[in-house]
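Going by the order they are written in, the chains are A, B and C; count residues from 1 in each one.
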Amino acid sequence: MSSPVNLQEKLREHRLEYTVLCAFQDDIHSLVRLASAALLWEQDKEAFLEQHVAPVIDKLLNCLRKTYGSYHLALEKISTTAILWEILALENLFLSDIDAALHNDPATQDPLEIIVCYPGFKAIRYHRIAHIFYRHQIPLLPRMIAELAHEVTGIDIHPGAQIGSHFFIDHGTGVVIGETSIIGKSVSIYQGVTLGAKRFYRDEYGKVLKGMERHPIIGDKVTIYAGATILGRIKIGEGSSIGGNVWLTEDVPANSRVTQQRYLSTFFSDGDGI
Amino acid sequence: MSSPVNLQEKLREHRLEYTVLCAFQDDIHSLVRLASAALLWEQDKEAFLEQHVAPVIDKLLNCLRKTYGSYHLALEKISTTAILWEILALENLFLSDIDAALHNDPATQDPLEIIVCYPGFKAIRYHRIAHIFYRHQIPLLPRMIAELAHEVTGIDIHPGAQIGSHFFIDHGTGVVIGETSIIGKSVSIYQGVTLGAKRFYRDEYGKVLKGMERHPIIGDKVTIYAGATILGRIKIGEGSSIGGNVWLTEDVPANSRVTQQRYLSTFFSDGDGI
Amino acid sequence: MSSPVNLQEKLREHRLEYTVLCAFQDDIHSLVRLASAALLWEQDKEAFLEQHVAPVIDKLLNCLRKTYGSYHLALEKISTTAILWEILALENLFLSDIDAALHNDPATQDPLEIIVCYPGFKAIRYHRIAHIFYRHQIPLLPRMIAELAHEVTGIDIHPGAQIGSHFFIDHGTGVVIGETSIIGKSVSIYQGVTLGAKRFYRDEYGKVLKGMERHPIIGDKVTIYAGATILGRIKIGEGSSIGGNVWLTEDVPANSRVTQQRYLSTFFSDGDGI
């Protein structure tokens, strides 16, 4: 453990004023909203991104440069134009995610309902944009994008997670997808599913090692039902279904069905509950 | 899967501008707040609803008429006065839900605390109002009411669910109650409980069939503990208790207790975790 | 059950106007934010608390006095200065919680990221302050602080819970920690974990008894994985690990590992899901 004094000094290095933080958060919401509007509705996407999204990105990056200092390598190297091209390339992914919701959810047939009311589509929109900044090793911003989506949707996707097309999260509250997760195409995930780490690796001083591959790899066309907890660098084979509330820490071959052991059933004799 | 081009054309048909959407969301929150104030506090409920709630409903319906076009049958037929009468009829249900919280939660005896601090009571308020519009087959609005409650409370109740009096959700984060669920009187549900579909029915072209009965039927006086996942058109008999974290896809007779299989217990020999 | 008429009369006694309620909620967020700023960043913490936090506490207590009447004993007795000293004493606890996140999460090494993006650290900040008011038996306020944190983070900690230093909640959505829980030092908890009551005690008239000890006692250095449900006044011994999705209602000795029964695994023969 670090001493309180050291920690407090480290804290003082990078202080984000409250008003700056609020503006920063508002700008993140605007970024995702405008980028989504460009990809989903606009005819001339490029011009719209240039005109409306570029200034927001500039503002966010400048705020980070002030907080982390001008010698931060990734913040030096990144260009807003490069980011715009990467956002433009998300168009088909966004459409594929809407399509997956239409294809999998019997409760709707209205794409507007998916865009406006589906927390899963909101979370994946925020994530796909956060992931761009994560790949450029930008500090704080990717994690803040993820956490703002988490606040609103209850879905916590680490910006490092790699997620294929046609991704569908239904309901979503409590979903956690860890930093080094790799998810194939046409995967469906329900509320409360965890793709997490089983154990952490520590160095000889007991310090936890950062960035190791430690989360699951999910094959194409896998469905994971509500509340399943899947931990460690394991592989769930293509086309498998994982039942609700399962605790799973081993590989699963393709086309498997994994379910919880049958429950115990008794009857009340005295009326006093579980 | 639909082609991206078709999907994008369909999206362009019904576009909701961002500023319109924000106003729409604010109006929904006002609707529920004012309707609740009328039912819980006001002496002359009818006059209060006429004066304060009717204009908000008019505004919401007009916005929908602009978005979905003037030929939408349900939007043509619905009258604000009819909605007001249905809201007025919720009074005893609202009181019964507060009463259920007072009766079941050892942590409070203050009704104001339940109204102001209980996410479960907030979620059921939004739901009972959303359900009125759902029965009138109004597009988008019922689902948006539900999703706004979901954002704030983490409780996701589809507006189609039929829920009896004295309903109590404690804590509530992660609760999901599907479209065709039927819940009896005096039912208590804890956080993370799912009443979901087990499988979807698809037509001969692989297209998912919308609106089929596919969610559980919960009898009177049933208690469902945290994290239980109950899937399919099954019946949980009156007075039963379902233990936490159970995965349940079969009928359960009245007065049953259902619990998870006993866990495995070992001890650490090397200190390195699960 | 109480009659609707009685309940409605009781409701009319303590009505909180909507505008007052909104101001009250804003003041709570300011209180936690300013108190945190004082403890984490300021050099002269005492002066900052006096100048910025004291007026907010005064405002909140005055609003409560208006709502609950001037004869409320706890509201009579409490002094803002006493509260300030108790907030000041939280400094090392706050630092220990940041330290625990740095020590346990391989996904970060930036304390600013923990302060700004970690819902677990947000929830424990709100809780440690709510707990001060709970110990002084202030009505409504502690529970509202807790519920505002719950809304934002999905983590529901009852203000009565006693929580030791170096507490780490990762992701956190769906965590519930009940009123009489006692948690040791250096405990780590993941999303969806419940520390709840197993049954309630009712008096001879069937009225639930308030305030009984009914939640778990968690020893030092315990880790509880995602979705575990732990109910009743049981003890989890020091250094134990509780696996994900376990349903646990019995004592566990020190250094135990508790996991769910092995799942069932089959393969698809007809392709139609779980």
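Remarks
The definition used in the following text is that a contact is a pair of C-beta atoms (placed from the backbone, for glycine too) under 8 Å apart; a residue touches a chain by one contact, two chains touch by 3 or more.
This is a predicted model, so every value here is computed, not measured.
Subunit B maps onto subunit C through a rotation of 120°, based on Cα atoms and reported in steps of 5. For the pair subunit A and subunit B, the fraction of shared interface numbers is less than half, so the two copies use mostly different residues to meet. If you average the Cα atoms of subunit A and of subunit B, the two centres end up 25 Å apart.
Taken residue by residue, subunit B touches two or more other chains at 154, 173-174, 192, 225, 227, 231, 243, 245-246, 259-262, 273-274, whereas all remaining positions touch fewer. If you check the complex, the residues on subunit A that touch subunit B are 33, 37, 40-41, 92, 95-96, 98-99, 102-113, 115-119, 152-154, 166, 171, 173-174, 190-192, 198-199, 225-227, 231, 243-246, 249, 259-268, 273-274.
Within the complex, the subunit A residues that touch subunit C are 1-2, 4, 7-8, 10-12, 14-16, 18, 21, 67, 139-140, 143-144, 146-147, 150-151, 154, 156, 158, 160, 173-176, 178-179, 192, 194, 196-197, 200-201, 208-212, 214, 223, 225, 227-229, 231, 239, 241, 243, 245-248, 252-253, 255-262, 272-274.
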